[in-house]
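One chain, chain A, links the two complexes that follow: it is found with chain B in the first and with chain C in the second.
Showing the complex of A and B:
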């Protein structure tokens, strides 16, 4: 009984900041306050009418879409190579491929800033896209590898024994079977890129405000409840798209 | 992640890893190597990076009292956050490992939620809760637990409160994985031999979950000492840590060699801890194999 009382408190602690952000999006005061006073939807309206927020959202979407395209191709190929290839140091290569998940973003950001400064990519969109692809590819690799582990490679052998070429086997047998993993990885990559802040802060040019950068800079000074409203919208997107994917991927990992 | 050996492997298929390898060399490993080299280059204010070689930036970071204070604060933050995550994460993971079906899915969802919301958004929530006249302080004062507001914003305490929440899921997931791996027959056997619930927990469950505690701790410590968003928004310039110092050197002061030196000092501390944890884990396994 004691255990569940303690766990209920810890669960409340875990949920607190998210609940607070959502609640303050509806306050009638001119600043975010919890508990909120009154009820209004005007902060959502103000977000949707704000050129700055829409511009930031558009930039984040373009960045996320482009980096996701790259990450999906690189990640799917890498997962296939790791699962189907036989070469020395495969475990080491896998470890390097997954390392961007936990590598300190602050260090990678500084390293890329210096490198980009030398090759003329500093403050450019292509530079940011390349960096985001680095950060999101490991998640595509994980999801695709999980899908690859689910089916029997004998079906590929069967296709090849029946005379299908390597390429034909890939497109007609392997790809359809791993499609759920590829799609999940792509969606995940998109959301992670859309949310990414630290590396973007280092690499964004003067006029380039992604949505997380826009929120971050507004929090450094003073914040209005419209920041709560845009945050609530982000949370909602995550819940609708991210949770099913995350559960699927974790279930596989902890199966 | 372990990779199962399977039939149908070929060297040719292995070539598929090359594009991503090239991408990482170009956009991660190469730049990191450049940063490492630059951290040994001379730097003069106003004139920029010099061609000379020096260890002055590392020496400066490890001897200057102001920087040593930041190093100490960052390590302390890592340790305190890791301890709190162990303390709060253990009961949560233990509870989680005993649930099945829908109840487990719900608690799992609660644990995952912080991972699923962006760092900025979560930190924003804490800023609202932790301010001097925020909900937490007003509640504490209404309950008569404190007379005046506790200074959470722009303080170490505030960073810890927010960072533990952000990193707790990683600890819970690591612990949950090892707790689920404990063979229930061992526990049953102990029960049948007459051990009480407390004794089973202390003598069996706890020692068997040490690997999860170690891997979770390494992960949480790494993420805590390199965290940037939470210390910069909740701590602000008044409570600098290594990550905010790196950002300041990189973006405002443009002293990249010094920024690089701090970055590699941070990586070194993380790697050192990782090696210690591996050593501890190995010792634990040896002892279990010897059956003591």
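Showing the complex of A and C:
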């Protein structure tokens, strides 16, 4: 009973802010208010009719998809190399690969801005994609390394012994067995990129508004509840996409 | 069509450590050779060099006289049964067994037929659709066996395949592996640290210690005529009695036990050499003393 009550309190503490945002999306007032007054879908309509919001969403999706693809491939290869290789300085290389996790985003943003100005990548989409890949690759490495830790290398030897080439061994044996880690890393990378504000603020060119930037600026200049509406829509998308993925690949009971 | 295997001066050094040193071994066509020794004696390293997982630092591996030392593991045609079976956990039993055939790009009909036949051979026809985790240890062992037998390889390599089974099953699987190997007539190397296992399963035993082969012989040869002190001590039980050779002729020795009585013994030694006589406990008879 006690345990149940504690759990309920923790859940409330974690979810209450989210629930407040969802509730304010339906208010009839011209500004977010809790509890909401009346009920309207007007703000959802307004978001879906707003070219800026749709454009921002599209940009964020493209950015997240492209950087996730890069991060997943690089991260998986790096994890394999770090887990299997026995070369000098392996620990140091691992530390360097994982370091973006520990850098403050603002430092990374500034550093990338200075560097990008030199090489002419500042304000470009490829530059943004590369920056997001830098941010998210370490998480893929972590996830894939975790799944490699439980992996029996004898299984790869068995494949080779039975006549499989390196390539076939990777695609038919190794990859299927580390897939939970790869998928988890990819999902994580996508969410991080889609959510990224600080580094994007530094590197975005004029007119390049990712969804977080768009939400951030519209909060600065207006106080209409469409931000609540778009947040509610994002929550819905994660419930529809993220939860099944989580249950399929990350839930320990299924592993 | 069976093949023979020869190891010529095979060695593996890791820096200054020599895991395997100057191993010379000839395994005849269709023979089952056990590599027996304590852990760390180099038997597994030797097996893994034959499989192609470890590159030797010296020596050669010959199959039918052809040097395969530089051939990659996936082209050696030497089917290995691993200690922990190493089945593919994400594939059904049938797909595990078919894997090697698929690698050889054989037609579907042949893959299906040979897979079914191999599963029948090990008595697992009914379990083709199961996943490895749904099988008992003994059944997984049989899948691992079927997975290599289906390829009709030149060599069979066993890396302590029975050490994870309970005692009763282990004895039963020994016999099964032995009769399967004899019926298919494939030359085999069997690594184990269990001397009972080695003597029941193998035609001959190569006893290894500290990276070297101490003796190669039939189970009764290594038991009754150990070539070195290590073999005498490692195989079965022996009483070791230290002494000095006083007289030697054609392998018949007279050994004086530390200024005490003189014993007859058998072996290669020169007068004046120090050594030990190994006496098997069951060879000792007690008789009434003459008074």
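Structure notes:
Going forward, the second predicted complex is superposed on the first by the 221 of 255 C-alpha atoms of A that agree within 3 Å, B and C clash if a C-alpha of one lies under 4 Å from a C-alpha of the other, contacts with A are read in each partner's own complex, and residues count from 1 in each chain.
What we mean here is this: a contact is a pair of C-beta atoms (placed from the backbone, for glycine too) under 8 Å apart; a residue touches a chain by one contact, two chains touch by 3 or more.
Keep in mind the model is a prediction, meaning the values are calculated, not measured.
Superposition of the two structures on chain A shows chain C fitting alongside chain B with no clash. Touch criterion not met for A:229: it reaches neither chain B nor chain C.
Residue contacts after overlaying the shared chain place A:86 against chain B, while chain C stays out of touching range. Angle at chain A between chain B and chain C, computed from CA centres in the superposed arrangement: 100 degrees, to the nearest 10. Applying the stated contact rule after C-alpha superposition, one finds that A:7 touches chain B and leaves chain C untouched.
Chain A is touched at more residues by one of its partners, and among chain B and chain C that partner is B. Using the contact criterion defined above for the overlaid structures, shared-chain residue A:105 touches chain B, although it does not reach chain C. Of the two partner chains placed around the shared chain by superposition, chain B and chain C are both touched by A:157. Look at A:134: by the touch rule set out above, it reaches chain B but stays clear of chain C. After superposing the two complexes on their shared chain, the closest approach between C-alpha atoms of chain B and chain C is 9 Å. Overlap of the chain B and chain C interfaces on chain A: residues 154, 157. Across the interface of their complex, chain B is touched by residues 3-4, 6-7, 10-11, 13-21, 24, 32-35, 70, 73-75, 77-78, 80-87, 90-91, 93-94, 96-98, 100, 102-115, 118, 130-131, 133-134, 137, 141-142, 145, 149, 153-154, 156-157, 195, 197-198, 201-202, 212, 215-216, 219-220, 223, 227-228, 231, 234-235, 238-239, 242-243, 246-247, 250, 254 of chain A. The residues of chain B lying in touch with chain A in their complex are 1, 3-4, 6-21, 23-24, 26-32, 34-35, 38, 88, 91-92, 94-95, 105, 107-129, 134-135, 162, 165, 168-169, 173, 176-177, 180, 219, 222-223, 226, 228-229, 233, 243, 246-247, 250-251, 256, 259-260, 263, 266-267, 270.
Every residue of chain A that touches chain C in the complex is listed here, in rising order: 152, 154-155, 157-165, 168, 172-173, 176-177.
Chain C makes touch with chain A in their complex at residues 51-53, 72-80, 82-84, 86-90, 99-100, 103-104, 147-148, 151.
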